């Protein structure tokens, strides 16, 4: 029998800090050395919000940063689980599963990246941004939000901001800025990376494909297990002549946009 | 270490803890969580003759202390299971139960024939209780006593390995259903499959599952599973694999008391993938603390 | 305040929130918690021809997010209900549903006749789904389509008030069961009764209920209740009182979407007796926030 | 319609203190003015241990003391619910239902009371003890425990202690002491009050009845509602020629021992 590799990791992490930040987001820092060591941008972790009791199912969260034994997440108190999460205190312990998923792929020879983030999509995008900076890859960041109150932009150097109501930056959707950003890029050495609501991803994919630029989208869905066993988190993908389903947690969450079959 | 080994329908298992069908794929992922050799057995995802894409997403929703799913038996088909999935599992010293689902008794029989020839199949688990696929009468096969008998019989005729029939508790006469399977020659029963349930998102007015109705699993249904195992234990003589809401060694012991010879862990592995491992550890401790020297000391021994 | 009034089977209710049978006695205790006049209606404890002592204790056990009970229809008998219990409830401006249970269709009919003559009975709720009493076939009446039809018919013949038939989801063909009741003339359905379940104390090896098997209720079963209401709504035209795990206004709204015309609160009142009151408040807010001007805007309007 | 009286009260109480005390018990003090005002010895309250989530059902607890706007309880961390309760912190809020049940009856003309407590039965007995002292009624207290480690005896003046293993006080069961205590008493002006495990209550009842002394026992049982609507908490009582069931929560928890049909 070949050597077994136990690389799906469940660990109890100590919460180092929980802070409310820009745009009504919360940033939580966890002591999670095993995850911190291997986590790549675009991967996620999954948290058991309550040790026992409700919610029963874990909550997946993109990785905002990883390093020095710590992992950070960025989240909105959007429902039952994230509400409880936002009220956790320093020193409490939480069970963390991860790192999960494939993460973004940064091709050899990539020269220019356009990062598009909507909502809590800024979290994995921020991680990728820092990684690209480190690798000295030219990077344009486009952040979209409904209005300035919902905007998180910390840590990005001069991001292009768009708000639907025009309360900050450009008025409109991210696609306008993306179209401009793609205009000057050479297909072979550029890529678009996007994370956000599905309608945004679809629009971003269309613009990128129009320009012939590779586009990686980070998808999301209700996840029961996060490790690929339950088949609850699938999205439609092209498969041969037809379509099939792939697991967002284990085959994704990052997919080449051309693979996705967008549901209208 | 206590002796937790059990033998059900002639199959030797190191301990009574298995992974439930549809909640562990074909073992690959869990082999990256803990050593599969520790397990009593694994019951792989529902396998059909042809590959199945499964239902539209969303396919899962959280409910009070449980969850709904409507996966719809997504699987690569029996051929791929035999050629691509079973070889992986053969690396382990682990009884493999293959869960099968068909649209007719002929399909079930054909699945039994094909898997009977395959290497590394310890038993079949015949799923006639999947709430997520449409049958002739849009109900579950196990809700028709005639179907229970006919499908079990057809599978038994073709199978070279022991046959476990998987039932739902959602039938008018549960004991009669269990007896129908036993009469048709089932070597064991798997109890219970999910209960049919539904959830609606009140913000949008839409069902939370694209397939509208799905199967309810998790701790919420444990009392129904315990009851079904208890009733079946009194109705038939064949061994029972108990499942439904098992999340701890205590839950496993409760099922053993009710009459299960082995147990399978499903939903609890989703929120803690180490659950099966922890249950084995917990059982060891329980049997040692109580100086029980075998599982049969408590199996079916609920005292009235 | 939003207009939450509903009319079911001709009975006008201020709002769709009722207390479920067996979880509110005959109203006396809840009248000391909040003003009963605020309620949409009350469904009193299962009433039998003769007084019934009920089952041996222990009669209740906690389960994951739910509970089991095996009360066994303890009640003072129909005569005492008419003479001692109904007069108290007549003080309130409150539709009173009397839940009845018998051992034969004749008993049901006799109960209907006696209560039909009584003052202050708005409707009957015919419990043919109690898991805690033994019937001829040791199953539930509602698990036999013939019994469903015959009992409903017999009650309808004698009753002067609308008749709601209370079913369990634990039947092989739920839609057919609902249709049998409707065909026999039921004016409405009450869905769902508890699911049969069991729990074992692993320290003693004893069932937690003296009666061994009991009825599972509480949030755990909500998805099953929602599914049953949804299926019945598509199968029959008569109004439905939805119940099973309702603990909040959101849960009530979910039942309305599924097709319920009214809802009843059971187990949740045990751990918070103010639940019914809070649900009425919550519904008011929900309907106002969404500018819905009547319950019918959402009733059965789940969008596929 | 006659005036409605809303005297079943649910309130959110602030936890004022939780202390581990003698015998491995915890004492919790709650700010609950409505309950404190009316509570009588032998009544109980019922606590929602977790605002949401598990345990779902409330946990009944005898009232240890009531007054000055506060209510105290005394409990063992015996299972899931009481375990959580024991870890509550000062300032947390907990939902309290009560006061529930009938409480002990102190007849006019009572001159001598014998109080018998086993396990957490000391809690309501201590409340009654203080009340009897206040009313200057002669009181003998008998406390039983398995061993001295499980003993709670604070606040009683020279109680007669019995332990099964003899590690403190008299060796044996409470009944030996009770027999002695009853010996000198006149039936008409004496009463025995007992709270503890059912086998103890039964034995206490037998001894009291032998001496012809009135005996009030505080019963217990699994309670789902605590207010009398669910009928889950019944015990067997004599009813006319036969037997019937009464609700421990609403018709009890205190019963005249002669009413009880003891299950063997």
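In order of appearance the chains are A, B, C and D, and numbering begins at 1 in each one.
To be clear about the criterion, a residue touches a chain if its C-beta (ideal position, glycine included) is under 8 Å from a C-beta of that chain, and two chains touch if they have at least 3 such contacts.
What you see is a predicted model; the values in this text were computed from it and never measured.
Q: Among the other chains, which touch chain B and chain C together?
A: The shared contacts of chain B and chain C amount to nothing, since no chain touches both.
Q: How many hops, at fewest, get you from chain A to chain C via touching chains?
A: Between chain A and chain C, the shortest chain-hopping route counts 2.
Q: Can you work out the whole-Å distance between the CA centroids of chain A and chain B?
A: So the centroids are 35 Å from each other.
Q: Counting in whole Å, what is the centre-to-centre distance of chain B and chain D, each centre being its mean C-alpha position?
A: 47
Q: Using mean C-alpha positions as chain centres, tell me how far chain A is from chain D in Å, no decimals.
A: Comparing mean C-alpha positions, chain D is 57 Å from chain A.
Q: Residue numbers in chain A touching 2 or more other chains?
A: Within chain A, the residues that touch at least two other chains are 54.
Q: Hey, what residues on chain C touch two or more of the other chains?
A: Residue numbers touching two or more other chains: 64-66, 218-219.
Q: Drawing the touching chains as a network, do you get a line, a ring, a star, a complete graph or other?
A: Basically the chains close up into a ring.
Q: State which pairs of chains touch, listing all of them.
A: Chain pairs that touch: A-B, A-D, B-C, C-D.
Q: Once bound in the complex, which stretches of chain B touch chain C?
A: Touch list, chain B to chain C: 63-66, 68, 139, 143-144, 169-173, 195-200, 202, 204-207, 212-213, 216, 218-224, 226-227, 230-231, 245, 250, 253-254, 257-258, 298, 301-304.
Q: Looking at the complex, which residues from chain A come into contact with chain D?
A: 50, 52-54
Q: Along chain A, where are the residues that touch chain B in the complex?
A: So the residues of chain A touching chain B come out as 1-2, 4-8, 10, 48, 54-58, 95, 97, 221-235, 243-245, 250.
Q: Give every residue of chain B touching chain A within the complex, in rising order.
A: 22-25, 28-35, 45, 53-54, 57-62, 64-67, 69, 71, 74, 91-92, 218-219, 267, 269-274
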